[in-house]
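After this come two complexes, each holding chain A, first together with chain B and then together with chain C.
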Partner chain A sequence: MKSRVKLLAAPYLAWLLIFTIVPLCVVVYFAFTDADGHVTLANLGAMRDYLPTFADSLLLAAISAAICLLIGYPTAYAITRAPASRQRFLILLIMLPMCMSFLLRTLALVALLEDQGILNNILSAVGLGRVTLIRRPAAVVAGMVYNYLPYMIMPLHSVLVKLDGKLIEAAQDLGCSRLRVLLRVILPLSVPGIISGVTMVFVPAVSTFYISKKLGGTSTAMIGDIIESQFKTSYNLNAGAAMSLVLMIIVFICMGIMNRFTGDSEVDLL
Partner chain B sequence: MSKELIRLADVTMAYDGEPVLRSICLDVNDREFVTLLGPSGCGKTTTLRIIGGFETPLSGDVFFDGVRINDLPPYKRKVNTIFQRYALFPHLNVFENVAFGLRVQKLDEAEIRSRVFDVLELVNLRGYERRSVNALSGGQQQRVAIARALVCRPRLLLLDEPLGALDLRLRKDMQVELKRLQQQLEITFLYVTHDQEEALSMSDRVVVMDKGVIQQVGTPEDIYNEPKNAFVADFIGESNIIDGVMLRDRLVEFCGRRFECLDAGFAPNEPVDVVIRPEDIDLIPYEAGFIRGTVTNITFKGVHYEFIVDVAGFKWLVQSTDYRELGSDVGFVINPEDIHIMKKSEYSGLFGDYSSFSQEYDEDTEPAAEDSDEKQS
Partner chain C sequence: MKKIALVLLSVLMLAGIFTACGTGDYTATINVYNWGVYISDGSDGYIDVNKAFTEATGIKVNYTTFDSNETLYTKLKSGGVSYDVIVPSDYMIGALAAEGLLLELDYSNIPNYQYVDESFRGLSYDPEEKYTVPYTWGTVGLIYNTKYVTKPVDSWSLMWDEDYAGKILMFDNPRDAFAIAELLLGYDVNTTDETQLQACADKLAEQKELVQSYVMDQVFAQMENEEAWVAAYYAGDYLLMRESNEDLAFCFPKEGFNLFVDAFCIPTCSRNKALAEQYINFLTSPEISGENMSYLGYSTPLTAARQYLEEDVAASEIAYPSAETLSAGVTFDTLPTETSNFISEAFNKIKASGSGWSVWIFVVIGAVLVAAAVLLILRKKKRNKY
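Take a look at the complex of A and B:
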């Protein structure tokens, strides 16, 4: 009986093996070998040169996740307060950009922000002159927020929508004003949603390469861009693999730290 | 009794144009235990929510201690509520749940600790402070909810079917405990339930509601012994309700016979509803009875038997400790003080006939959870 149930997971396990486990082993192999196939730690040692890039990537991803949270939380909360029929429509609106290609969305933002772009044309038309909006870290953050915001709103919404309205009434009954209800009940109970939203924005943001390539300047190359160039332009598979590995470990550490928060509140929840 | 604490004056309420309360007038005195009793959707929970501040009445006024509080938000009212399914905060442990209201008031830590420990003592939950509320049984969660409300020392405690989710045994224990707390702490309790037994055994006064209208207000004895209409008679316990004619004061005719009774003040020959409780009927040999019938159904209830007796087509419910054979002919004796006369009402003819007898009428104790839930949206 049990083995039959396990069989149901077989397609996924096969998928996992072929497309995750095996490539991971390949990455590890390349990261610890040189071009001739000899085992070496030189690739990882060379990472030292890229530390500022790693730091920049982490910082930009963290800022993007924070901005997504600041925009996403009130949005998600407002959606849950709407009547059920309108909620579906609002969720659809949030999802709508996700139906368009990621590349298209980023290119649209380029068209909006570039020197001869829509925003600058409007600014010059009203006589304010042109401003450099693109090729800046802020533009990269804007691109990441734009692209990843739905991934923040969805988990927050799914947590907030399950929040028992009686708990809010109970808090009011015990003397909480609206703000206190938010701080003492709603916010603590939505921590799991905050954690998963932040994870879902931060992890893809830290390894993104297309957004920074299109919206960032040469100085704002992110680690994702460097990895891509290692594989596609310098053909240094070993260095690329080492970077991927380091990035993965950093992401794991970040997730581990964040999961500690959920872990703790989960203990309280159970 | 003592002075008035809550007064509802002509309160009406409607959801989406559907009236749920029709001009409710109700006084609750200080330190009184008042129960709102009625079936699902009768408006009892809405009444409670209006007093708690979670709903604003369409019209009419709510007074607390003589002050109109219609527009006062819930957090400014000296009222605490025990919710139907407790609504404990899952992210806080027992101590912090109980301390919640005190922390909001920004009391100092020492006072919070002593008050929380005192109230946990009161509900027999000392030693559970560090437990997660999710690890507690239903009865324990109930106690935490009570402690959380009592620690704020409210003048008025609103209880919305607080025992609905507990099993029968625990419910009985908690009934006794709640009554003890109410008397010990001298707090006014406004209690909502659909369980007539609970209402009768705990309350100083019972308010019977149906269709958004108060049907009767009175002590449990009044409500049981002198129901005002067929709805109250049927909802509070079992009743045989028979069409009768009040010939003159203290003489009523039903089942083709004239009976002495204690009621007076009706017009001569006024049609009335006659209520006779099943436990007030004595079974005697067929020949000796004024009313005669045939036993068509027997249910053993432990303390007594329940017989359905067919009297010329009308089925009576009779409770007796004496056994009678199925199909046997029996006679009734009814004492004058056991005959209750009610004026005809919109409920006349709807209740009190056991001809559609089934187990159905036993099942009115199911939790009426949908009562409050459907009003959330």
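Take a look at the complex of A and C:
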């Protein structure tokens, strides 16, 4: 029985091997060698110059994930409360932006926010004067929340929709206030959804490169931008690989910490 | 009935797809990899050069673009691509040739090479005339919007002017960016002295908070819609921009400026060398070059092409500056690998240098986490006691 189940996983394992394990080994190889192929730690040593950029990226990604959770949780909950027929439509609405390329959506946001953009033109037309909306960290966060929100709502919804209504009723019967039902019953039961939602927002956000380049100013370069230019213009594959490796390890550590703090409840979704 | 119609329609569509693949006659295709916004593409009633080439020869052109010499270099080095014609600039041609990434041209296939001016032959990047046919030449200067920049402009220091903080666009490639700092500080643009280069890096780092963004061809949109007011960019592109915004002006800074040549080359990854030479020959014909440059605003290295230029372009002091103006121009030599690595790493660090405040947040968060972990462990131990 068990070997049969293993056999079922074979296609995915093959996929994993070719497209994840092998590239990972290549990244590690490049990170620990120099341009001539000699083993060196210099690439990783050079990372200390980029430490502030790593920290900035982590912070912006964490803020984005938190905002996504704050917006996404009530939304996901509201969707599950809607009648089944409407749920499908609401889910469709959430998914709709994902049908469009995220580059295009980011450019649209630029057109909306820039100094000569749509919002500022409206503001100045009604006599309120122009405000700087773009090229600040908040604009980058807005861009990431905008792009990654569906990835938060979907896993939350799939967990909340399976929530046993009887448990809520039981809690109410036992005299829980609405707030206590939320805090003591619904929230703990949806932890797996929160974890996978936060993961699905945080991980792409921390390594994002296009959004920060378009919406951020020169002082909000994210590590993804730097990695991109290492590969695209500097042709320094070794430095780029070292950065990717460090970023990957940081992300793993973050995930590890998060899973530890919620380790008591079942986290199967990851 | 509706269903039948639908099925019929899909069958027809499928059939269409297959026949398109099956019977479509084979045509030769060449892959051309050129700078963005660097060929007359049929807009504004100008010639569509690639289309004209296909009509004249039957060879299809698969045309893609890059935004800096460094991008082109990375593409060629990483492999997995096949380009038949590329258009690098002088200093990059030298680097590509030195690394053996260019094929020697067969000039007998490029008879129009005879029209190339003597002064554009055998330049430092290709002294033996083996690899290149010049496509354009031009200059780098200051582009600014006269609506917002009212003081007299004559120096690169405009790029460091705090009055225009947040409205300045800087080059997003290390060589062009460093050249501006080098000129401003009075250094040679081909210097390999690392103390001088470090001084330039510091100068550029100082500029960073004033810069709106580091850009290449996004400069068009940003300057045309007045999102930015000051930019350093190529003169030819300024002429194209001015078509959309008449308030834009151009200046040759007094400290000097880069004078560059971009030339056709055939990289070693080419699969159709003869066809590539045919393409190069076509674009080097005086008539095509003249019509192409009328749109482009860059300058043609063929005197014979000038008669085909539009009058205002031919008379433009920006596209064809006087010898006196040109005397302040400096050309880029190919830098030693260590130097170009040094400036590209320094440029990355400039772009990455964050505010640094977030590091402290993580130090605090880390401390809190450690404290929480210790507390948790202590609590568990206590619990285990009972």
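Rule of thumb we're sticking to: the second predicted complex is superposed on the first by the 250 of 270 C-alpha atoms of A that agree within 3 Å, B and C clash if a C-alpha of one lies under 4 Å from a C-alpha of the other, contacts with A are read in each partner's own complex, and residues count from 1 in each chain.
We take it that contacts are C-beta pairs under 8 Å (C-beta built on N, C-alpha and C of every residue); 3 or more make two chains touch, one makes a residue touch a chain.
Just so you know, these numbers come straight off a predicted model, no measurement behind them.
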{"item": "First (chain B), second (chain C), both or neither touched by A:M258", "value": "neither"}
{"item": "Comparing the two partners chain B and chain C, which touches a greater set of residues in chain A", "value": "C"}
{"item": "Partner chain in contact with A:Q172 - chain B first, chain C second, else both or neither", "value": "first"}
{"item": "Which superposed partner A:Q230 touches (first chain B, second chain C, both, neither)", "value": "second"}
{"item": "Touching partner for A:P188 - first (chain B), second (chain C), both, neither", "value": "first"}
{"item": "Chain B versus chain C as contact partner of A:T53, first or second or both or neither", "value": "second"}
{"item": "Partner chain A, residues of chain B touching it in the complex", "value": "52-54, 73-75, 79-81, 83-85, 87-93, 100-101, 104-105, 132, 134-135, 148-149, 152, 376-377"}
{"item": "Residues on chain C engaged by chain A in the complex (per definition of touch)", "value": "68, 70-71, 73-74, 77-78, 166, 172-174, 208-209, 211-214, 225-227, 341, 344-345, 348-349, 351-356, 358-359, 361-362, 369, 372"}
{"item": "Touch list for chain A against partner chain B, complex", "value": "83-84, 164-167, 169-177, 180, 184-185, 188-189, 191, 265, 268-270"}
{"item": "Residues of chain A touching chain C in the complex", "value": "49-53, 55-56, 58-59, 114-116, 132, 135, 213, 217-221, 223, 225-226, 229-236, 239, 257, 261"}
